[in-house]
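Dumping the structure here so I can ask a few things about it.
Letters are used for the chains, namely A, B, C, D, E, F, G, H, I, J, K and L, taken in the order the chains are written, and counting of residues starts over at 1 for each.
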């Protein structure tokens, strides 16, 4: 009811762009945490090689409910 | 010439990611408003279920020209 | 080793959404600059016509290494 | 499922402090809007008289679901 | 006493500069709203043509008292 | 009419929470300044001891009219 | 003397308002961490039901001393 | 050479707009302080009456050199 | 259609205030760049002498279309 | 226990860099104020001459306890 | 290739200034984490005693690669 | 008198810390630009190797006067 949540900050990266980078960061977080509840995008950046964006990096905060 | 615009704030959501959430919010706004002119993304967040982002939510400000 | 980088600010636009607008801005920058290294998204906005987003505009800062 | 929300900005005020000013702003919004869903505090300020804070003013954004 | 206010966001524009763009936005708002109480400037920008600023655009939030 | 105001920045603290910390800061300011007119909350933080928040600290800007 | 601190981000929630939400988040953190030292409020928001704020949610950063 | 400066925050107001509000705040500051050196505009807002902006209020920080 | 724009940052200054400082910065930019399209005000500050603001300085970002 | 603090804003400058500019601003403040308690860096900038940074300027807020 | 990174927030402190406080925070993080990759300075503040800055405190976010 | 300035954004890096990274960025800028006038620090970050900060990177905006 009056739950307490914790937020962690992750950086996901993808060759396919913003949406896929979000999915990868959350999939990784889900390996060790359950009760993942929401995410907030904090920053979008990326690396360029040979004039082409290679990796889009999305920094997210992911919120999850702490167990009672 | 010297027009006045109004900005409203909407949150669109989509299972398909950022671009589709923008389209949905604007399509909804277009049902009741005409003269929609531009949008500005203010926030990207979303809900997670079973370790997968279910809904990407994009908060936008949408500007439209007020009639003379 | 202790390189100096310069950052310029570009606005790319695309009918296909955020990821494509990023690619277009960087491709354009690559025509006149080499050593492009990274980008940071500063703003996402766009133009609406007939109730549909026509152009997504992404403002980026692009960093490149200055020659020694 | 893929709902669209609108956010409006209100300023509630109260002689009793922050929590009561939030309640008053939301109660007022509820008179003309249904489907109120969440609020976000944007600013807390207030007026002083005779060296005592008379009115605490809380600026909130209130989100509500647009009807389908 | 413990009033509730609403804030809307407008963009006024003028060939004459910042002060006139503020006046125009507020005059337009006053056509359909009464009890206008205060404004806050959020952004100043404008359009350029032939190397000369043609329209200064001022984004404002305008606050007005909701009727009891 | 066309008054000039000065703003000072204070930090009030209280064992009872946000509203009381605001009151204490303003009461202190009123000992040496008259014409106190408004306040704006800039930051809320606090100290913890034995796992319990002991002091809520509220940073405020307090505005007062300069005498003519 | 020259200690190193870590900050984590928590969201506490309460039916009673801001001060109680802060207390709950810190009490929860204290179950698994000792040396809690200070908190900083980052965001205040909440959920509305039937036109009444049901849960005030306060996002805090909580700092604690790392053991030597 | 290695001077120390102090910055104070003032709010000037004018019926004539932004530039005049700046001048009035600085003129007032100059009555009790010398060595005024620079100003930075922090906020522009104002009061509306009968649908017309009556007072433009400009919040400035004013820097001045502390005497040796 | 899907143009790419570049933004540069300029500081214009004027004895006459904000609007004139904007005009001067853009006139200067127009000497070496064509296709100037829009500007965004980032900062307003200025220098004081003998208790009077001597130069208002306006920092702007100016956007222009890159040639195809 | 429930003290009230005041914060003032200073700009220290030094030919030796950031740390020394902080020390100089605080030393100057200590000439006229006692009970100085903490500082917060708000801005780092500086002046260049002949292609070399001559003065690093650090803007700080300095907090001190008001006497009871 | 498409790695996921986590960011944690630390506060290092030093009697010697900014650079040393950064080093201390990272050295402490390195005791329990490997794959430390980058840091970002979020805040610089410090404590004053007898009119002299005693501890410079630097808040950093430290990013490290999560193991596959 | 009423000069126009341009600001560019550079990232300097150094093994010795913040002050040296500033110097290196400005020295590099001075190779191709004259009339360098001031700098503003926008970001401090860096790279870590083997648990030790290897390069402190300082992002600066550097302002210089445009020739008449």
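Please note the rule applied: a residue touches a chain if its C-beta (ideal position, glycine included) is under 8 Å from a C-beta of that chain, and two chains touch if they have at least 3 such contacts.
Quick caveat, the model's predicted, so the values are computed rather than measured.
Q: For H-I, find its twin among D-E, F-G or B-D: the pair where over half of the contact pairs carry the same residue numbers.
A: Looking at which residue pairs coincide with H-I, the repeat is F-G.
Q: Find the geometric centre of each of subunit G and subunit L from their Cα atoms only, then give the gap between the two centres in Å, rounded to an integer.
A: Result: the chain centres lie 38 Å from each other.
Q: Could you please state the distance in Å, as a whole number, between where the Cα atoms of subunit J are centred and where those of subunit K are centred?
A: The answer is 22 Å.
Q: Scan subunit E for residues touching two or more other chains and write them down.
A: In subunit E, the residues touching two or more other chains are 8-9, 18, 29.
Q: Every pair of chains that touch: which are they?
A: Listed in label order, the chain pairs in contact are A-B, A-C, A-G, A-K, B-C, B-D, B-E, C-I, C-L, D-E, D-F, D-G, E-H, E-I, F-G, F-H, F-J, G-K, H-I, H-J, I-L, J-K, J-L, K-L.
Q: Touching subunit I in the complex: which residues of subunit C?
A: 8-15, 24-25, 28-29, 55, 59
Q: Hey, which residues of subunit L end up touching subunit I in the complex?
A: Spelled out, the residues of subunit L in touch with subunit I are 2-9, 61, 63, 66.
Q: Using the touch definition from the top, list the residues of subunit K that touch subunit L in their complex.
A: For this pair, the touching residues of subunit K are 18-19, 22-23, 26-27, 29-30, 34, 36-41, 62.
Q: Touching subunit A in the complex: which residues of subunit B?
A: 16-18, 43-48, 51-53, 56
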